[in-house]
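Each of the two complexes below includes chain A, the first together with chain B, the second together with chain C.
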Partner chain A sequence: MLVKIVEGGKEFSLPGKAGLAVILVVLLAAILAPYISIHPHNISSGPPLVPPGGGHPLGTDELGIDLWAQLCYGARVSLLVGFGTALLAALGGGLIGIVSGYLGGWPDKVFMRLIDIMIVLPDLPVMIVLAAFFGPSLLNIIFVLALFSWVFPARIVRSQILMVKERSYIKSAETYGAGVWYLLGKHFLPEVFPLVAVNMIRLSGRAIVAEAGLSFLGLGDPTSKSWGLIIHHATNFKGIYYTDFWKWWLLYPWLALIIMVISLALISRELERMVDPRLGR
Partner chain B sequence: MEYLFTIWVLVTLNFFLPRAMPGDPFLYLSADEGQEVARFSEEQRQYYLEYYGLDRPVAGQYLSYLADLLRGDLGYSLYYNEPVSAIILRRLPWTTFLVMAAVLLSTVSGTILGSLSAWYREKLLDKLLFFHLILLSEVPAFLLGLVLLFTFAAGLGLFPLSGAITHFASYSSWWEKLLDILHHAFLPVMALTIARLGGMYLLSRNSMTTVLEKDYLRTAWAKGLPQKRIIFRHALRNALLPIVTRVFLSLGSLVGGAILVENVFAYPGLGHLMREAVMVHDYPLVQGIFLVVTICVLLANFLADLVYRKLDPRIGDYSGIRGG
Partner chain C sequence: MSRKWLSIALLLVISLSLLLFGCGTDQAGDDRKPDGAKGGGQQPVEMIRLAGGDWGYPSPYAHYPRGPGIFKMGLIFDGLLERDEKGLIPWLAEKYEIKEGGKQYLFTIRDGVKWQDGKPLTAGDVKFTFEYASKHPMVSSYIGAEDIEKVEVVGDRQVLITVSEPNAAMLYNLGLTRIIPKHIWENVDNPKEFTKPEAVIGTGPYRLTDYNKEHGTYRFEAFEDFWGPGQRVKVIEFVPVSEEILAFEKGEIDLAGVTPDVLPRFQNDPQYKIVVNPGFWGYRLLFNMGEYPALRQRELRQAIASAIDAKELIEKVARGAAVPGSAGILPPDHVMYNPDVRQYDLDLKKAEELLVKLGYDRLDQNGIRQNQSGEKLSFNMLVGEEVRLAEVLKEQLAKAGIEIKVQSVDMKTRDARVRNNEYQLAIIGHGGWGNDPDYLRERFAGRSRGGLSPSASGLRGYNNDELNNLLEKQRLEMDDQKRKQLIFKIQEILAEDVPEIPLYYTTGYNVFRPAKYDGWMFMFDHHSLTHSKLSYLERG
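Take a look at the complex of A and B:
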């Protein structure tokens, strides 16, 4: 089924292909950041607030730091937060889903209640409080985001396990004496993995948006210059409303974020439709 | 029951957070503005420990904290020099106003667009709406807010840049004041509404499509009922059920969006206050806002459960409720 996803890239509709292309470009920009950014991303390399063109392709910010370099390095932060959160949430949520679905009984009840609560709980206030108390390092942010994301893979895995558990081939495997671990590795995980993998893309989109929001509030990791943090600095600049600086300082990180998030959404929508037609809304 | 338990967990979390924080209260008390660190003598230390009740066992502190909470005492703001509850009460109406307006507008317009789309399924209108609203549904509210702010407020000058009412303005009548408030709230509400529109649209389109295929609708057509009656009495009423659930389920993320949007527009609600409080390290205030916001959302969901039970007598199976 995993092979089907990879091959499915060819069957993508036009928006799906566009999304895939964008993510690849962002990935490349993040990996090659030191080579494609002409200027340093952390120290000033020219006069402040230069419009795009000349030596600075996207202009500079109030400290004279090249924006293009900042965007390239910011892509690293966004991708790290996105995929880090998704991975953590998928692992944790997957585990809980398996336990809950396979064992049933009281662990299942406890986890289901917990999930119901986590879904209604507003995540941003909790994130702000935790960031305020424990310091806004990237690791903390990923951890908190994962804390609010595991619910989705957990539900998917649980319902899938519940469904697969009743299939006759699992029943017959059990009568032949297959242990829990054997069933997990041989039957459950292959069935569950594609759905979780697809959900991870959606989760990383959410995480990237959430990180951008926290950074926009000034609660992101101040040492890692993410796209949200650039927006934070730009909007907190005193004269931003009355000058033309927003035309590059604010516009480019904004565009980068929007394009990235929409691309991720397009890809996940495409994959969801492919893996499970019933999941597509 | 479940909600009470959650609230208890939140309250307890709120109690232990500052105690789990690295550092020592005396570090914060003694360092003024990060300038100089004054040293406390052992006597002064003892005095303050006693004054703040920190010399008592944790269990005792916890109990008195709970008692304070029950009396509505959220502590004392270090920065504003006022009881936290008073500050919050002053700011809460603005946030509530934003959120309610956005919920109302997005739900109504989303339902209308979704129903239109379902009615003209696979036609041009449906395809156009679907494509654009799907893209729109992925854009977070605060990024939308920035666009609105820079085009309509900063660029065209049609709306104020920040705040909720014009300062020092005197109004000749109450409706002039109302107009001013609406004028200030328009862009933030729009940002929140547009950001939610996509989700509501997709849900109602889905829900309406399923209902339109039901047997009782075919019966209604066969009876020769007028189209209006079929759409509003038969189809829409049934399609609304999952929408109602979703409105409340997504309240949490909407509040998160409102916190960010308030900061975009410097709107004087709880979100803006929370950020200010974090920036000046006013921990009692941060915690107070956190508690009030989360408990409000939980209460709203609790009410929704009750309402939903009334609306749908078949309640018991969870099939209609989907998060996401």
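Take a look at the complex of A and C:
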């Protein structure tokens, strides 16, 4: 599947390619974080609040911790939360969508009403409450975010299954004695996967922003060093806007976050265009 | 093609917003309108606005036990005595006499004082207050259940208080206990739940006219029939503020605390005045010796003290605006500060020696010290919003092979958990370090007066007989010089024993516009300008 996406990348327009490139760069930064960050990311390596340049390419924060190193390691957190949430939500949501679409009847009704409820619930306030309740840890945050994300893939998958189920080739396969698992593997999943993949990209963008938001509010994992947490510490620094410090301490994590989310959005648009011909051209 | 344009437009928007971002702060720099009239003498002002926040309903039983809550209550309620720059001054009591070597206190109550509901203050109210406060300790409690033997009304306007034992700090404690009206409180059985409008009727210079818990706003208006000095400020409002300095520059609030980084903006500008706080607000590192026997080892606590570099903490977290903690607890600005006690400067060698002596002589693969039976020097540290402080401490202690796991909760949760001893190590910051040194007895001899203030949170599991004796002795010592000697000795023992580590005392900067209002003053033992009642009143 990954190969398919990469192959598809060739058909991407310029913004799509740019988005893909940015995500690849971020991915590399995250993977290679220990090698490309000159300084440690969790202990101080210089005087506090050094402007960019010299030994610290992006400067240091008020504890003297290198900002570049924090950004590299922060990319790990952002990607982990983004894709972790998306994967969890897609798996759970996809499963529920398939069950509900294929079985129909009361399971369908129950799941659909549950989805309605989840959509109506305002997610950020509930997430804040849950994050505060479960305590700040990365795993909990992924879990909480996934809890609010599974409804989107579930609905898409269900509608797709409902449609595919009535197709004549499925009907004929059924008459030849194809079982549920056979249909699932041979027909449903290939039909559904592209749509879910698009949705996953979109969800991961959402999750990254939500994690940054929770960290910014001080509800994230205080030891995780995510981008949102850097922004949290920077904005909590008294009077930061009256000093020059925001020009690196606040600006760089903020830029990283924005660029990453925009790239994800561009990629998801591209994929959407390719998968769904109605949007295309 | 349209998509291409879209992305270009998006890029434009981003860069534009960046530009605007930059401009916004620059503009703020030029936004300094010179104020015309300079206030000479003691001109009254219509309104002062200060940064708000919810500190509870300002009745003596419902406010939050921290400075901003205590002093808001103090605007409404008077004590028999009040604090000015130098010490205690007569307030609701015209004069007082200490009799029987400190066993009895005779207060003469001022005539013509009115409660804010129009009823006159009587000696009966004073008697009632002390009896009620012994039964139900006030949030910011100065007297405990056993402190007072009996209270008698003598004649018309005098109250004779007999205390159980003489106590050097008793005048301060009796004097600052807020007097509450008998006709309102006598039928209240659960004062903490009593938050009706009558609960905030005192004799003080200000009446509460608005309180909003959700927004954290308060409005106090001058009480016309106040007995004392006239109010220079007619209305005091506490408004919600997200960025204090911005709000101050825009004139939304009239006083702001600023960090050294922002100081140059206000220096050398005649329209601003900068005042430095005395270091009476400090952070301390607590050890829960009750639940964790390992922490009872004095050498371990000494080693931790030796591994902490207070200078780095101050440079990084307080941005230079603080003085290092004294191992003798009392801060350098305190009248009874002993400058000659043992201090623990950063000395990793010494820390290592001490730890090895305790048997923590090997390092595991992460560099954490452990002893022969594999017990690691690894502790959980509970902090409120001081995550950054904890991070630096973690880094410093790691160098000595001590692992710290930081657990951060919100301030009120941290305060409550410290109060209930639900922590291993904790950092807590609060004021009150300049108060009468009898607070050392509360902290280290387990003699809490039942107050909820974080400065009164004692240590469980700590016991030093010699120290206890001295703490009892200083209390009974009515001679100031002799008492000072005892307090000096107590500081020496504390510095040797390290039952807790004061990290640093903050000396922040306050900025205000003297043309708008210049009545600000510090009480002799307190760190904040806005907390003094006399800051808002005419001065003789």
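Basically, the second predicted complex is superposed on the first by the 271 of 281 C-alpha atoms of A that agree within 3 Å, B and C clash if a C-alpha of one lies under 4 Å from a C-alpha of the other, contacts with A are read in each partner's own complex, and residues count from 1 in each chain.
Operating definition for what follows: a residue touches a chain if its C-beta (ideal position, glycine included) is under 8 Å from a C-beta of that chain, and two chains touch if they have at least 3 such contacts.
Note that this is a predicted model, so its numbers are computed, not measured.
Peer 1: Quick one: is A:Pro190 in contact with chain B, with chain C, with both, or with neither? Answer first, second, both or neither.
Peer 2: Neither partner.
Peer 1: Quick check on the superposed pair: does A:Gly55 touch chain B, chain C, both, or neither? Answer first, second, both or neither.
Peer 2: So A:Gly55 meets neither chain B nor chain C here.
Peer 1: So, does A:Ile258 touch the first partner chain B, the second partner chain C, both, or neither?
Peer 2: After superposition on chain A, A:Ile258 lies in contact with both partners, chain B and chain C.
Peer 1: In the overlay, answer first, second, both or neither for which of chain B and chain C A:Pro34 touches.
Peer 2: Touch partners of A:Pro34: none, neither chain B nor chain C.
Peer 1: Quick one: is A:Pro222 in contact with chain B, with chain C, with both, or with neither? Answer first, second, both or neither.
Peer 2: Once the two structures are laid over each other on A, A:Pro222 reaches chain C alone.
Peer 1: Name the chain, either chain B or chain C, that contacts more residues of chain A.
Peer 2: B
Peer 1: Looking at A:Tyr241 after the superposition, I want to know if it touches chain B, chain C, both of them or none. Which is it: first, second, both, neither?
Peer 2: The answer is both, since A:Tyr241 touches chain B and chain C.
Peer 1: Quick check on the superposed pair: does A:Gly179 touch chain B, chain C, both, or neither? Answer first, second, both or neither.
Peer 2: It touches nothing on chain B or chain C.
Peer 1: A:Phe133 contacts which: chain B (first), chain C (second), both, neither?
Peer 2: first
Peer 1: Identify the partner contact of A:Val151: answer first if only chain B is touched, second if only chain C is, both if each is, neither if none is.
Peer 2: A:Val151 sits against chain B, while chain C stays out of touch.
Peer 1: Let me check the overlay on chain A: which residues of chain A are in contact with chain B and also with chain C?
Peer 2: Comparing the two interfaces on chain A, one with chain B and one with chain C, the shared residues are 218, 241-242, 246, 258, 262, 269.
Peer 1: Touching residues of chain A toward chain B in the complex: what are they?
Peer 2: 113, 116-117, 119-126, 128-134, 151-152, 155, 205, 209, 212-213, 216-219, 231, 235, 241-242, 246, 250, 254, 257-258, 261-262, 265, 269, 281
Peer 1: Quick check on the complex: what are the chain B residues that touch chain A?
Peer 2: Residues 2, 6, 17-18, 20-22, 134-135, 137-140, 142-143, 146-147, 150, 153-154, 161, 202-203, 206, 248-249, 251-253, 255-257, 259-260, 263-264, 274-275, 278-279, 283, 286-287, 289-290, 293-294, 297-298, 301, 323-324 of chain B touch chain A in their complex.
Peer 1: Help me check something: in the complex, which residues belonging to chain C touch chain A?
Peer 2: 3-4, 7, 10, 14, 24-25, 28, 243-246, 257-259, 261-262, 265, 315-317, 319, 385, 387-388, 391-392, 395, 398, 406, 408
Peer 1: Using the touch definition up top, name the residues of chain A that touch chain C in the complex.
Peer 2: Those in contact with chain C are residues 13-15, 43-44, 48, 62-64, 136, 218, 222-223, 233, 236, 238-239, 241-243, 245-246, 258, 262, 266, 269.
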